[in-house]
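Structure incoming, see below.
Letters A, B, C, D, E and F name the chains as they come in the text, with residue numbers starting at 1 for each one.
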Amino acid sequence: MRSNDTLLDLLLETQALDRVPRFGYLIRGVDNPESVTEHSWHVLFLVWVLADHLPDVDRARALDLAMVHDLAELRLGDLARTASRYFPPGAKQQAESAAMTEILAPLPGKNHKLLTEYQAGHSREARLVKACDKLQLMIKVAVYESWGATGMTRFWDNPDNFFDGGFDLVRQLYEELKARRDASDLNLA
Amino acid sequence: MRSNDTLLDLLLETQALDRVPRFGYLIRGVDNPESVTEHSWHVLFLVWVLADHLPDVDRARALDLAMVHDLAELRLGDLARTASRYFPPGAKQQAESAAMTEILAPLPGKNHKLLTEYQAGHSREARLVKACDKLQLMIKVAVYESWGATGMTRFWDNPDNFFDGGFDLVRQLYEELKARRDASDLNLA
Amino acid sequence: MRSNDTLLDLLLETQALDRVPRFGYLIRGVDNPESVTEHSWHVLFLVWVLADHLPDVDRARALDLAMVHDLAELRLGDLARTASRYFPPGAKQQAESAAMTEILAPLPGKNHKLLTEYQAGHSREARLVKACDKLQLMIKVAVYESWGATGMTRFWDNPDNFFDGGFDLVRQLYEELKARRDASDLNLA
Amino acid sequence: MRSNDTLLDLLLETQALDRVPRFGYLIRGVDNPESVTEHSWHVLFLVWVLADHLPDVDRARALDLAMVHDLAELRLGDLARTASRYFPPGAKQQAESAAMTEILAPLPGKNHKLLTEYQAGHSREARLVKACDKLQLMIKVAVYESWGATGMTRFWDNPDNFFDGGFDLVRQLYEELKARRDASDLNLA
Amino acid sequence: MRSNDTLLDLLLETQALDRVPRFGYLIRGVDNPESVTEHSWHVLFLVWVLADHLPDVDRARALDLAMVHDLAELRLGDLARTASRYFPPGAKQQAESAAMTEILAPLPGKNHKLLTEYQAGHSREARLVKACDKLQLMIKVAVYESWGATGMTRFWDNPDNFFDGGFDLVRQLYEELKARRDASDLNLA
Amino acid sequence: MRSNDTLLDLLLETQALDRVPRFGYLIRGVDNPESVTEHSWHVLFLVWVLADHLPDVDRARALDLAMVHDLAELRLGDLARTASRYFPPGAKQQAESAAMTEILAPLPGKNHKLLTEYQAGHSREARLVKACDKLQLMIKVAVYESWGATGMTRFWDNPDNFFDGGFDLVRQLYEELKARRDASDLNLA
C-alpha cells in the first residue's frame, strides 16, 4: 500500500469500502451486515437531516467530517472499539490519521485534519457527527432486532452508545427509539 | 405503505436501503453487489471531491441533490433504466416523486423538489450529480471487472453510461478510466 | 433490451431469474431470501398438488399460467405490490405484458396472453394460481418466522394475503397454517 | 425425519429446498449458486417449452416427472453424480425412492413411482426430462462462465453432460450453445 | 473424480471444503452456516483443549482422528445423519472410507484407517473425538440461537446430540451449556 | 470485552471466529472468502501433513502453534499485514499477545506464549507454521483464481508471500504451485 497518486486512484480504492463490514454486527451474528460505506451514508444522512434544526452548527463542515470519518477503515478494517485498549493510547487514532493522509493525498483541499478534528471531538460539528455515528449505531441495532437478530442486547446497556454531543434533539431521538424498542414495535411497515 | 409521520419513522425506514441491490449488477452475476446505499455514498463522495474544482457549482446544493437522488428506491426498488420504456412516458419519474413526497414528509425544509430538480437535469448541480452517478457506475464496473466479473462488457459500448454533464473534469476521468481498463490494469494495490 | 430472437436467447435470459429477489422479504431483513425462480417453482408445485382435488379446474392451463406468472420480473424486478399505487392505474400490468411479449417472442404457441389471463383473474385457473401465489407467500413467511425472522408480522394482518380464489381447499390450508403459527409450532423436523 | 402426514406438512417441508445448493457448482467456486428449487423450475420450463415441438411426448406426464425429479434432495442433499460410485450399485436410486415415498406420502394420486420412471429413463417422457436436466446444466454453466466463473471448464469435456434423449431439437440446442460459448458470446444483454 | 496423485493435488482439493456447508444448519434456515472446514477446526480445538485434562487419552492420536473425521465430505457432501437410514446398513461409512482412500492417497503415513477407527468408536481417542463432534454441534446451536436462529429447538430433545463418550468433563460441559441456554444467557460479550 | 472465566466461555467465544473474514481476499473482491477459522484448519492440516517428512520438527509443538496462531483475530479482526506499518513497531504483536492472554485465560496449560513463540519465528516449529501460513495463502489464491477471481495477481510478485522457513519441501511445493498456475491448470477435477 502507498499514497494514492491521482484522483482516479483514490476513487478506485474507495470502491472496496463496500467490502469492509462493520465488525460489531458481524461478530454477533448479523448476516450481510452494514458495510462501512453504508454506515457512512446513514451518518451523512442523519447529519444532513438534523443540521436543519441546529442553526449553530456549520452544516457544510459537519458534512465534511461525516464524509471521511471512517475512510481509514479501507486500510485498517473496522477495528472494534473494545480492541483499542490492546494498543498503546492514541495508537489507533494515529494509525487512522496516517492511513487517511495516504488515502486523501490527491486532494489538496482536504486532508487528514478533517479526521483529526473528528477524533478530537471538541467542535460542535465533531460532536454532532460523533453523536450521529452513535445514534445511527443504535437505530441500526433496533432495526436488526426487529428483523430477528438477538445478539446485540448488551448494546442497550452501554452508555457509550448513547452519546448525544450535548444536543437535545439527539437525546430525544434516543429516548423515542428506546421507547419503541421496549414496546417491541418500531412502527415499521 | 404510507407517509412517514416523524423523523424517527424516516430514519428507521432508510435503514432498509442497504437491502435494495443495484439491479444492473445483480442481474449480470455480480455477487454481493453494491446496494443503493453504497451507490449513494460513492456518488456523494464523488460530488464532494469534484466540487472543489468547479467553482461555478453550488456544492451544498449538489450534495443535497446527491443525498436523495435514489431514495425513492426504498419503495420502488432499483428499476432498470431499460425497464422505463415499458411504462408510459414520465410514469417512472412521477412514481419516484410521489414516493419521495411520502418518504421525506417529516422534513419541512426538504422535499421531493430536490428529486424533481435532479430528474430535470437542467441546473449545473443536477448535471454534475447525474454525471457523477454515471461516472460512479463505470468506476464500479471497472473494479468489478478487475475482481473477475465479466458480465458487463456491453456497458462500455453504451454512450448513455458516459454522460459528463458538460464538465471537462468528468470527461477526463472517463478517458483515464477507459485507458486503464483497456490496458487491463487499474493500478489497484 | 429487446425481443428474444431464438429459443436459446430465451433460455439464456431466464437463467438470471435466480438473481431477482422477492422484494417484500428482502426489504424486511430476510437474508438470502427466495428468488423469483424459487417462488415460481413453489407456486407450480402447489397448483400441481391442489389440482388433483379440483376436477373443475383445467390443470394443464393452470400450470401454463403458473409457469409464466412472474416471468416479466426478469426485466422489471419484483416490484412491491404497494408500489403499484405510485403508477397510473394499469401501468404495472401493461408493463409486465409488454415485457412478456418480448421475453416469449420465440414461442409461437405461448404469449403474453397467458399473463393477461392471470392478471384478469376471472377464469378458475387464474383464480387458483393467484390463490396459490398468496398461499405460498404465507407458507414462506411462516417458515421464515420458524427460522427466526421477525420482520413480517404485519403480513398476517393483511387480508389481501389470504386470497383463496373461492376454493374451500385453499381456505382450509390457510386456517391450518394460521393455527400452527399461532401455536408457534409448524411441526417441522 | 419421518413420512409427512398432511398436505401442509409436505408444503412446509418443500420450502427448505431453496437451501439445498447444487453441489457441482458450489464446490467449484460459484457463489450463491442455483438451488435445487431453481434448477427444478428451469427444467420444468425447458420441458414446457420443448414439449410444444414434440407431439409424441405426453406433456402432462413429462411435467409430472420434472416436478419431482430432484425432490428427494430435500433429505439427501444434492449428491454429486461422481459420488454414486462410492455406494453399492443402485443404492443412491433406492435411497431417493425411499425418501420420496415419505415426502409425498400425503399425495395419494402421486408417489415415488414418478421418480422410478424418471430414474429408469425408458419412456419418452423420462428421456426428455433427463435431457432437459442435462441441457439446463450446461446452459447454467455457460451463463456462469459469461459472468466470470472459470471453475467448470471440464464440464464441456464430459459426454454425460450432453445427453439428448434421442431428440434432435435438444441436440441442436447443445450445438448452438457450444458454438456461442466457443465464440465467447452468448449474446446476453 | 479419482485418487489424488501428489501432495499438492490433495492440498488443492481440500480448499473446497470451505464450500461444503453443514447441512443440518443450512436446511433449518441458518444463513452463512458453518462450513465443514470450520466445524473441523472447532472439533480439533475442543479435542486440543480437553486432552490436557484427560491423561489416559493419546492426544496426538485424537488430533489425528479429528483432523480427518469429516474429510470425506469433500466428495460426498455433508449427508444428514437421518439420511443414513435410506441407505443399506454400513453403506455410508463404506462410501466415506472409499472416498478417504482416494483423497489421502498421497500420504503414505496416513490413510482411511484413521476414519475407520473413528467410525468404529471403540478406542478412547475415537470416543473423545465423537464426543467433541457432538458437543461442538450443540455449542454451535446455542450460539446460533443466541444470534436469533430458532429453527433448531428440536436438537435439544435428541439424546444422540449429547454423547459424552464416557467422559465426565464432557458431560459437565453439556450440563453447563444447557443451563445457560435455559437461562437465555450464554454470557457472551 | 474481558478475560474469559471458564472453559465454556472460551469455547463459546471461539464460535464467532467463523465470522471473521480474511481481509486480504475480502477487500479484493472474493465473495464468501475464507474465514479465519477455515484458514486455521488449512494451516493445521498442512503442518500435520508436512511434519511427517520433517523428523527434526516437534510435530505436537508445531500443531500447538498452528492451533492458536490467529486466535487473537477474534478480538482484533484480521488486520492486513500492510496496515501494521501505521502502528508503532511491535504494537500489533503486543495487541495480539494481550488479546490472547484474555482469550486463553481458562487454559492453565496453554497461554499467549504459544503466540509469542510463533511471532518470534526462531524455533523450527515457528518457522514451519509461518511457512505453512504463507504456502496456504498462495494455495488459496491459486484456487480462487481457478474459480475466476482476478484481483490478487500482485500477490505472486510479493516475495514475502513465499516464505519457506528454510524447508526444501515447502520451497518445492511453491515451485510446483507456481508452475501449475503459470500453465493455467491446477489439475482440479
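The working rule: a residue touches a chain if its C-beta (ideal position, glycine included) is under 8 Å from a C-beta of that chain, and two chains touch if they have at least 3 such contacts.
Everything numeric here is computed off the predicted structure, so don't read it as measured data.
Novice: Using the touch definition from the top, list the chains contacting both chain D and chain F.
Specialist: B, E
Novice: If you list every residue number at the chain B and chain D contact, are more than half found on both copies (same) or fewer than half (different)?
Specialist: Answer different: the two copies use largely distinct residue numbers here.
Novice: Identify the chain pair with more contacting C-beta pairs: B-F or D-E.
Specialist: Greater number of contacting C-beta pairs: D-E.
Novice: In angstrom, rounded to a whole number, how far apart do the mean CA points of chain A and chain C lie?
Specialist: The answer is 40 Å.
Novice: If you average the CA atoms of chain C and of chain F, how far apart do the two points sit, in angstrom?
Specialist: Chain C and chain F have C-alpha centres separated by 47 Å.
Novice: How far is the middle of chain A from the middle of chain B, if each middle is the mean of its Cα atoms, in Å?
Specialist: 22
Novice: Of all residues in chain F, which are in touch with two or more distinct other chains?
Specialist: 1, 16, 28-29, 31-32, 82, 143, 148, 188-189
Novice: What topology does the chain touch graph have (line, ring, star, complete, other)?
Specialist: other
Novice: What are the touching chain pairs in this one?
Specialist: Per the contact definition above, the touching pairs are A-B, A-C, A-E, A-F, B-C, B-D, B-F, C-D, C-E, D-E, D-F, E-F.
Novice: Can you name the residues of chain E that touch chain D in the complex?
Specialist: Residues 1, 16, 19-21, 23, 26-29, 74-80, 82-83, 86-88, 91, 94-96, 98-99 of chain E touch chain D in their complex.
Novice: Which residues of chain C touch chain E in their complex?
Specialist: Residues 31-32, 143-144, 146-148, 188-189 of chain C touch chain E in their complex.
Novice: Which residues, counting only chain A, touch chain B once they are in their complex?
Specialist: Chain A residues touching chain B: 1-2, 6-18, 32, 34-35, 37-38, 40-42, 44-46, 48-49, 52, 59-60, 63-64, 67, 107, 109-110, 139-140, 142-143, 173, 176-177, 180, 186-189.
Novice: Using the touch definition up top, name the residues of chain E that touch chain C in the complex.
Specialist: 28-32, 82, 148-151, 154
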